[in-house]
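Across the two complexes that follow, subunit A remains constant while its partner is subunit B and subsequently subunit C.
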Partner chain A sequence: MKTLINFENVSRWYGEVIALNDISINIPPGVTGLLGPNGAGKSTFLNLVTGRLNPSKGKVTVLGEDPRNNFKLARFYGFVPEQDAYYEKLSGLDFMTYMAQLHGFERKAAKRASMEILERHNLITHMNKPVAAYSKGMRQRIKLAQALIHDPEILYLDEPMNGMDPIGRNETIDLVKKLSSAGKTIIVSSHILHEVEAMTQQIILMHNGKILAEGIVQEIRGLIDEYPHNVIIHTDRAREMASQLLNYDDVIDINIEDKQNRLKVQSKEPEKFYQNLVATIVENGYNVTYIDSPDDNLQSVFKYLVK
Partner chain B sequence: MLEAVRLSYKKQLSISVVIFRMTVKNIIKTRRTLFMFLISASTLLVALLYLVLRESDNMGISGYAFFAYIMGTLQIRGILLLLSVFYGSTVFSDELDRKTLVYLQSRPVSGWSLLLAKYFSSFAITAVLLVFSTTAPYLVLMAADNPADIIKNLDILGIDLLVMLLGAAAYNALMLMASILLKKPVLWGLTFTLLWENTVVNIPALINKFTLLHWLQSIFPHPAATNEFLSLLNPKPSSIQTSITMLLILTMIFLLVSGFAYRRKEFKLN
Partner chain C sequence: MPIFEQTYRKWEGTLKTTGIRWLPITKMGIKQTFKKKRFLLFFIGCQIPFLVFAIRLIIGALVPESIENAPEFLKITPSFFAHFLWIQSSFIFIMTIWSGANLINGDYQSNALQLYLSKPLTQLDYILGKLSIVAFFNLAITMVPAILLFILHVLIKYDKNWFIQNLWVIPAILGISLAVSVIHSLFILCLSAITTNSRFSAITYFIILVLTDGVSDLLYHLRRVSALLTISISNNIYSLFGIFFGKHAAKIPDYSENTADPYYGAAILIVLCVLCYFVIKKRVGRIEVIQ
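Our next item is the complex of A and B:
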């Protein structure tokens, strides 16, 4: 697979604090979620790929080049920083025009491109207001818009949905998906698992400067042999189903909540369990109203990995 | 893909012009500039005050002599230094303080384009205010003596303006360097200019050559004000040619150090 971003034994420390610890990774095209709690090393990771920081050890390459002091690379990426930082006195339009001009747009073209992108991000009616008067959600949207003004190949998003309302979040998720289907490479960092999950299945789990796991969600779970897989089932005959499921050797525990006819099953082989479950339901004619696996949510995987 | 990228000098120059314009526009809108304008207008106010007092007290000092006095006290040792410290040291550090540097660093803008644009922005604003604070009292004081003196002493005004522009160029470059290398550059700048520059410039032998003020005063057409004790030390000026050359070389050195420091330094905004 083609690699756009490559980390080779990269470490980065600030004084005695280690922010990234001997990371080696190749990031392919598509959407990659950078996931971890605050202090995991996500922002350091993004600062290294944008060339704002130097690795203390190892080598970072983007499109085959060292990004440090390599301003040519900025043509190919857009960066949404985590910081809530703006030229507060500038209007939204002036801010965007300035950002476009820094990419070499002529003033008229910069203004035109800015208006188009402000329109796309529902900011056109506020374009003449100073950014200082924008709501938190609008500020996040214009931060995203400035990174897209030059239609970059790669997009780095550092906690892009901080402070956004649910509608803004959904719009951002849709935008990321749209950009991805248009062939863009996107690296999005977040500490909120379901946000990343909504955008991509390709994730890198980070904690204390280390990569705990990488791959698609299912692959990551596959790496965790001992980690039990939870399935919640709502059915009309919970006790009867429980006694049947206990016959399968992959099932290690079942909790029954009689009042709600709810089962919580733990299996050590999820693939096998789902096959057996379908067969049991069909053969016995259970009325199943709900099946969910909290394991499909990255939160479960993450909690387990950082234990 | 990268091979196809052409970021010509012309393109970088036009991007520098964009940053220059935006920076100047932002500087003009600040309260700092209103304050700096009032400081630079102080030479005009002092000149007007002198004229009022001259009328009432029949003072014997000529307008030209008083202009020389203003230049030697207020202008070269005060206003020039203050304007350069405040503009030179904040033009870059403002981007750091409001964390907007990240936008400039994630654009195809070379470090040199950014720094030169910032440098010329602070230099331009400082220069405009210095031209005002030099020319306004000149016109008022010369006209009060004899309007023909305005033309007669234009060469003196020209040298004064040259000294101010050379001073603004050197001090702004020094302060830009300080803002990249040091934290709290304004504090350092004020300490350096008001204490080091104003004191060490009066020490003879080689020591006073470690100040920018020495080279500026060597070109200066008026006697520089100093206190009685320090005047006993009688520091000798350098030649005008040497002084101009030194000021230009030092300006270049400060800018080069700024550029290399910018490339090496990691600016943490968190």
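Our next item is the complex of A and C:
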């Protein structure tokens, strides 16, 4: 099988901190999930493949080339950072045009390509608004769009669904699937298994700078199901939502923090829970401002695997 | 062979493979800076000396050469251009703060640095792109009006001998303008790279220039050793006029009082610029480590 990204005994340390420890891996075309808790080495992994870091030991190649200081390689990949990264005062169109120009597009071509990609990501009606006025989902979409403007072969997504609402999550999952079926290679880093699982079966499980497992999503899934899955929700009517969620079989426990209108839900079947959650929100018109899934359960699996 | 569904349309355009990669950064920076109304007013205000010098030049051209004892200030000599650039150099101080204090730390705050470095740009491209923003504004109030004054003089009072004798003034204008602009630009970018707040970088820039000036003056008046004048960054920058305009620089009011040995000053400035460049490069290339 063709290999796009290759790690040969790669280690990377920052002073006395080891971020990656003797990793050897070949990443084939398609979607690959990079899964691990915070501090597992996922960001270092992405920094190495994008050439922002040099390995302390070993060799990294992307499309057969050393990515370090290889600006030409950036034409072949797109990068979606974890944090928001925009010039907030710029309009969506100006931001995208600027990003396209940095990729070497002429001004007119950059504008045309930007409008095309904004249309594809359902942002065309908001293209003249400043990015600061965009919703979380729209911001995430424009972040994805800037990485795709030059039609790259490889796409790196760093925690792409952090802080997204369920609709935004589904849109992102759909987009990744579309891109994958269009022949793109995508590396998605996340600390949430079911998010990655919705996009791919190919998984690299990282912990403490090491690769614990690779391409075994079903087995990981089995282990995950042994542990309750935590979901935090911020909504305007926390109590009302809690009483409805308790009707579902998969929900084990709910904690309500009234002051903050915050719910902490434990479910034994996360996928089913998220489907039910979307339906509950839509049917009852809840104003949900935040949904997140802490990695406690994944941490437990890692502890189990490390033993 | 895998068969891909063509559900994601490819963009059919072509990418430029040559050209100045950092130019879009500069263009965007200039465009955004000009959007600030107060800055625009200041920029226009900086051109007032140009108008005054242009009027002086026109009056000088109207005075018949036969008139003896014409006032000295109406004579157009190389020191006329040096004096103009000397005045404009004082505006550079504010121009640099206004256009450069937030250029890199602004990217830290908006996390834009990681976007730049995931594009086909090197760290040097990024630095050059940012540097050129400040340099553009600095050159727009020094080099451009000075060259325009030279052209204006040639147009309204063409004198072949004067033109040939003073042709060296053009490279002198280019040289001093570029040197002063680049030094200030690198210095503010360095401060912008090591701070996370544009106000802090602006204040630090101000303090360093004023402090080195004050210390240099104080020590010089105590010890009367001219080498002590090189402690002041401003003195060193002003001393460059001596390199580019030679003896004509001495006719600039305040020149002799404020300047150190030009070559010694230039050497210090080169070291400072190299240091600033490496600090910027180091900061731009740094990766935040989450432990």
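FYI, the second predicted complex is superposed on the first by the 217 of 307 C-alpha atoms of A that agree within 3 Å, B and C clash if a C-alpha of one lies under 4 Å from a C-alpha of the other, contacts with A are read in each partner's own complex, and residues count from 1 in each chain.
Keep in mind that, in the parts below, a contact is a pair of C-beta atoms (placed from the backbone, for glycine too) under 8 Å apart; a residue touches a chain by one contact, two chains touch by 3 or more.
These numbers were taken from a predicted model, which means no experiment stands behind them.
Taken together in the superposed arrangement on subunit A, subunit B and subunit C clash. Of the two partner chains, both subunit B and subunit C are touched by A:M99. Applying the stated contact rule after C-alpha superposition, one finds that A:S135 touches neither subunit B nor subunit C. Once the two complexes are laid over each other on the shared chain, residue contacts for A:S56 go to neither subunit B nor subunit C. When the two complexes are overlaid on their common chain A, residue A:E65 makes contact with subunit B while staying clear of subunit C. In the superposed model, A:S243 lies in contact with neither subunit B nor subunit C. By the touch criterion defined above, A:Q146 reaches both subunit B and subunit C. With both structures placed on the common chain, the touch criterion links A:A109 to subunit C but leaves subunit B unconnected.
Partner contacting the larger number of subunit A residues, of subunit B and subunit C: C.
Residues 43, 50, 52-53, 69, 71-72, 74-75, 77-79, 81, 83, 85-89, 98-99, 101-104, 146-147 of subunit A touch subunit B in one complex and subunit C in the other. Those residues of subunit A that touch subunit B in the complex are listed here as 43, 50-54, 63-65, 69, 71-79, 81-83, 85-89, 98-99, 101-104, 146-147, 153.
Residues of subunit C that touch subunit A in their complex: 2, 4-11, 13-17, 19, 21, 24-25, 27-28, 32, 110-112, 114-122, 125, 285, 287, 289-291. Residue ranges on subunit A touching subunit C, taken from their complex, read 14, 17, 19, 38-39, 43, 47, 50, 52-53, 69, 71-72, 74-75, 77-79, 81, 83-89, 98-99, 101-106, 109, 112-113, 116-117, 120, 146-147, 149-151, 178-179, 181-184.
Residues of subunit B touching subunit A in their complex: 1-2, 5, 7, 11, 14-15, 18-19, 22, 26, 29, 98-100, 102-111, 263, 266-267, 269-270.
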